[in-house]
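Next come two complexes built around subunit A: one with subunit B, the other with subunit C.
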Partner chain A sequence: MSKLSYILKNSFQKRFLIAAYIVLIALTTMFVVQQQLGIDSIGANNLNEPYVNRSLYLSGVQVTYPDNRKESFFAGLKLCKRMKEMKTPEKVSFFTWVRYWGVFENGRMNRIPFRATDGTYWDVMKFRFVEGHPYTEEDVGESKPLVVISETLRKRFFGNETQVLGRQIEIEGLRLTVCGVVKNVPYSSAYAFAEFWMPYTAWGGKIHGGSSTLDENEVQSLYLVQTLARTSLDFAKIHQEYNTLMTGLNKEIESEKKITQATLSTRMNYYFGKNINQDKYKFSAADILRNYLSTLWLLLIPLLALVCLNFARANERSTEMGIRRMVGAGKSEINSELIIENLVVILIGIMLGISLGYVTVYLYPFIFITSVDAGNLEGGVWLPFTGRMLSHLLLTIVVFLAASVALPIARVSHQSILNLLKGDEL
Partner chain B sequence: MIIHILHIISRNRATTLLSFLLLSAAVLVNVLSAGGMMQRMQYSFLPRGYTMDDIGILYADAKNKDETTDSIRNVELYNHLKASPYVEKVASGTPNLIYNYNRISLKGYNDTIFSVYPRGGDEEMADLMGIKILHGRWLQPSDHGSSGIVVTPEVARLLFNEENVTGKSFEFQEDKYTVIGVCNSIRQNKHANFSPSFFYFEKPAEGAFTILTKAGKEPAFSRSLKNLMTSVYGINNYTIYYETIRYQDSAKNHYTYVSVFQFLFLRLFMLLVALLSFVAVIWYTTERRKQEWSIRYAMGRSKMQLIGYIFFENLIILIGAFIFALVIFFSLRHFNVESFATKFTLPTITLTALLMLIFLLIGILIPSHKIKKLDVSELLKSE
Partner chain C sequence: MHQRRTPLMHYEMNNNNKISTDALLCVSIKKTNQIKTFKHQTNMNPMIQLQQVDKIYRTEEIETVALENVNLDVKKGEFLAVMGPSGCGKSTLLNVMGLLDMPTSGKVILDGKETFNMKDKELAKFRNEKLGFVFQSFHLINSLNVLDNVELPLLYRNVSASERRERAEEVLKKVGLSHRMRHFPSQLSGGQCQRVAIARAVIGNPFIILADEPTGNLDSKMGAEVMDLLHKLNREDGRTIVMVTHDENMAKETGRTIRFLDGRQIS
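Right after this comes the complex of A and B.
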């Protein structure tokens, strides 16, 4: 106990320097956390999207015309419906990327996010219903004009009323009946975020859409497709079935155009993977390595700075170490003190950095999470703490600890007591 | 002196090597950051090819669709807009600028496919937006029927490999278009280079308008829009989108500035860390060598000579680090690593060299100050 208090006293003897170390480590950790949160907010499961880790998504479709013109867009109904017939996935759902209903208020435009979906959407996502229930696949098939709204939208239409099931709302000429009210969805739930959801058949592209959204012959339109696997081990089988489907579809439409790129991929791979092609459907080992290298790149200069500063500081204390060695302190005793001293400082810095990272991303999600242009932040942000985050933080601790103590320990161990007492460079 | 400095450096091998690595990393970060920044901001300060002040974009439509009356109502709205006391000029059509990225693909003279921004407009549009005609003439109502268009020089060159292409024609989706004029180049927004564009005649019946409001009257105009729309389409029987180009531009810039801020914040932090650490290392090293300075001073060296020693010792490390960092930079660039492919290599390296020199001057500031206050008797006593 007395030894620990001695180490702590020693650690905080040079307060300004220690404060500078802590700030340096905290800010660097903050950048690591921000970077990892940006990745995990899209690539990991979240509050409203509990199956991201066992889903493959179709997020873009490129077609090439006979005259070599290329067009990139989202999936069309023809492709979506073919994918819904796939056998290997547990479920297949399609829905629009977040769209906006523009409301002109007080001389300015206000954008309210919404999605048009199929009925399976509610099975591949998770919403907390405060009233009613979602629309079903049958409701969608019958083009029932139903809508699920968020608490924020309920307030916009009905003020403080809480029982609004069965009531009608009118959006750009569409009269929709409220069948459910959900808790606000965080902006960070990339494919769930919206303020109202309606059957794509009822929508028909009438609000911020287009006629192609109901065209059964279109392979390109405004839809994303999510295929939910029973386990992530089924990805290869799903991908194989999908490729067969695409080959067949291309044969059908070859006289007009050809689908040249429509990668079914994990979300992590789609957003952060490199060299994505038709056959690369998940994060590769090279992508994972690149992810760790990007963390190491963030740590590079702070790490070198720590090595420099700690070595200079150890040099300054070489006489002290010499005297302690002379009066009987062993190398391992001095080394363990050095490690504990630095570990205390690093852990304080890391904890501070984690807090700073989470707070900054929570307050300014637009800067760090690039998935959705949300328009507003009524739903707040939900930030995950994943195994990947933990491993990157452990890497940060190990790198900082090694940077802080490795060189002084190695040099002190090789120096004679006389050299240490002389105060030369270690 | 050089031999002496090299001797000192070799005596402090570990410290020198660490400073060398730290500075190399700082040089590399700076070259990449400055290059990235220049690349992102390269078009920001160049002319756009149009004016934005007091210009708003309006899309209007009836909620309850009736094809026979909708176009009549849109024309009525156009007339109401023209008669508005807040409005200077109105053009039908919108120029598809800032964050509206509607594009079509055309086939060029050498069979390459390129993207073009189609921009709507009428006879007022060029005047309203300050667009200049370089060859031929601007749009007239008769061009609607004859598919006459005005192109920018980029489109002219890509389609016909020359700039003055007035009177020439091309086909797109089985329709024939004739170029009736060439206008100045247009930037989609301030973060993009001049992009191939053409203007086609758009009638008021389409319900899209570009409006130039009188100076300072835009807020009053936007507030009056609701009444204007109601009088044309009926109560709550319309959809509307209205924003000024300036507002759209600031929203677009907001995203760009946020990403630039994020990019810069991290790199500035790294540079600052490198700078402070470098300064601290020089400081520590100088403190440790106080007795050496005192002896040299006592033996007749001037204070300026001592400061010169510190300066040149660190300059040698800096030059070495600079060369080492550039070797790494060009090696990685040679292997086509994405981030190293900046267009602005020479300005970036020059800027970095200047910055590193400032690093060094700041680094020796505190030791120089201490040497200037040198008191031999005190220093000789120091541990």
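Right after this comes the complex of A and C.
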């Protein structure tokens, strides 16, 4: 038996304790993974959104009326079209949040998610077209009633028919012509997920107060704006240009209202940054530290449990460490044995936890999302493994390892062999 | 004749009134009604030398003198018994000899090497290569089987797995436990546990075996078996053995007995 297997064989004799260790670490890792996947599903590039890390988004617009009444909504066409004229970004696109259209089928009402977009949407996102092509800016300009549908929707409307391009589908009185079929989009693609996409000009929805989404005088409506930078180094310039645009726009509408908040930021900053302001487009050291701390709090209780477990183990193994020292192991040898033993156990727990984390996140929408029509989840869930995930897992390993070995190593270093043999408590 | 104690060795006549010829010193000793004076004739170093060794345990409130001005030489191949009442410093003496505890002052010289300035790594290596320990409470690792327990010292000598296994099996055969190799300590009797401890103590071919009341937890039959084993190791293999015991009969069977009282050697 090699020395490593000797060490591990001894360590794994205490099956109950080791199992408790592994379960604790696995559960904690699972929570860390779930938390990070939640963050990454919003903030990381994914299959259908490959440019998240060099995009700035305008999600919410707040206006203040002369009577100091405030109203918050999304961007309107006036603002969207003004932003499309910006010079610094590579591309600017606007589209709605995912909306749902009711379809009465087989005696029940099913809701199908869709988006109304401009033509540039297909350039800032990445879709795999299995048939046909997307609609263009020209098509949108001409209000052509075109639609791109998912594979699932294709099957639903057309069964196994070989040719669907040019065919029409009817949704709530709207007749749309299929121009393209795309691979199903994962539910986790925050701004890409839907079952069909159509030009916003063909949709013409209504917002609160009865205004139309096609009203070109509105600064508020239902649209999100994505500005795609050439590189993230351009963010500052884009902000500058945007600020100038907003100043000009406010001058135009000042008699009616004023745009008091319209933050252009990265997705990560929008959802997780502490201070939402227009200049804050990348995480500072404090933000990064806060991000790690947001993981560390998850580890607090299991850490406490680990330390208590280690107290029990340390006392129990004190005599064993004394015996090893007695027969010729140096302090550094014992310490490295302790580190190896604990690292193996921790890695097993971590691997189990990663698996559990990914499986639970994958299954979550299938189990808990009831408002989404069955079949809308056929794109699955995109589960990235980002650098951020890796760094949080490494942090978890380091923290658990430190908690596991600190006490035993302190004991070996500070207790004499005699005291270790006696099994004296620290 | 007035007994004079020198700072050097004490000798006791063995049972046959023959003096060991390994080394002779200018001492005066008293044994029953015989007094002999010897001259130092050889330069051969003793296997264990303690020179003016003190061991004092200090806490905030009290100071305990466990050993006081101990001067002791143990020759190579000697079987020395250490006796004395409880708390007299016998076990402390063994711990200091075995480098399990460091003296407060004085020198401990083992196989000609001064141990005072040795770093942890050197001390560990020395314990691994030159010393073997046998304790009253056996000190076996309960989560390892007999074979793994016996192999333990060789693990820290970077001996290959096959050689470790071979040597462990050989030494277990010697102590009569070949049939118990896969058993765990909890499945063995006291005498068998002690034999495993002895096997572990000798597997590395140490020069010195230190035994602290090796038969203390055993009945007389098992105790006799263990003593036979120790004598065998001393006679056949020539190992130096220092044994702490309360048993006068066992002490008489050894080559020499020294006595301690209140941390001082009295004979």
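Note that in this section the second predicted complex is superposed on the first by the 393 of 426 C-alpha atoms of A that agree within 3 Å, B and C clash if a C-alpha of one lies under 4 Å from a C-alpha of the other, contacts with A are read in each partner's own complex, and residues count from 1 in each chain.
Operating definition for what follows: contacts are C-beta pairs under 8 Å (C-beta built on N, C-alpha and C of every residue); 3 or more make two chains touch, one makes a residue touch a chain.
From a predicted model like this one, the values you see are computed outputs, not experimental measurements.
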(message) After the alignment on subunit A, I want to confirm one thing: do subunit B and subunit C clash, or do they fit together?
(response) fit
(message) Taking the superposition on A as described, I'd like to know which of subunit B and subunit C A:R108 touches: first, second, both or neither.
(response) first
(request) Once the structures are superposed on A, label A:T319 by its partner contacts, choosing first (subunit B), second (subunit C), both or neither. (result) both
(request) Kindly classify A:K70 by the partners it touches after superposition: subunit B alone (first), subunit C alone (second), both, or neither? (result) first
(request) Using the touch definition from the top, say if A:L27 reaches subunit B (first), subunit C (second), both or neither. (result) first
(request) Report the partner of subunit A that touches more of its residues: subunit B or subunit C. (result) B
(message) Between subunit B and subunit C, whom does A:E333 touch in the aligned arrangement: first, second, both, or neither?
(response) second
(request) Go through the superposed model and pick first if A:L233 touches only subunit B, second if only subunit C, both, or neither. (result) neither
(message) Looking at A:L309 after the superposition, I want to know if it touches subunit B, subunit C, both of them or none. Which is it: first, second, both, neither?
(response) first
(request) Considering only C-alpha atoms, give the closest distance between subunit B and subunit C in the superposition, rounded to the nearest Å. (result) 8
(message) Just to be sure I follow: which residues of subunit A are touched by subunit B in one complex and then by subunit C in the other one?
(response) 319
(message) Under the stated contact criterion, what part of subunit B meets subunit A in this complex?
(response) 11-15, 18-19, 21-22, 25-26, 29, 63-65, 105, 107, 113, 219, 222-223, 225-226, 239-243, 247, 255, 258-259, 261-262, 266, 269-270, 273-274, 276-278, 280-281, 284-285, 287-288, 383
(message) With touch defined as at the start, can you tell me which subunit C residues reach subunit A in the complex?
(response) 95, 98, 100-101, 120-121, 123-125, 127-129, 133, 135, 139-141, 143-144, 148, 151-153, 155-157, 161, 200, 204
(request) Quick one: which bits of subunit A touch subunit B in the complex? Just the residue numbers, please. (result) 20, 24, 27, 31, 67-71, 102, 104, 106-109, 172-173, 298, 300-302, 304-305, 307-309, 311-313, 315-316, 319, 366-368, 407, 411, 423, 425-426
(request) Can you check the complex and tell me which residues of subunit A touch subunit C? (result) 1-3, 6, 9-10, 13-14, 319-320, 322-333, 416-418, 421
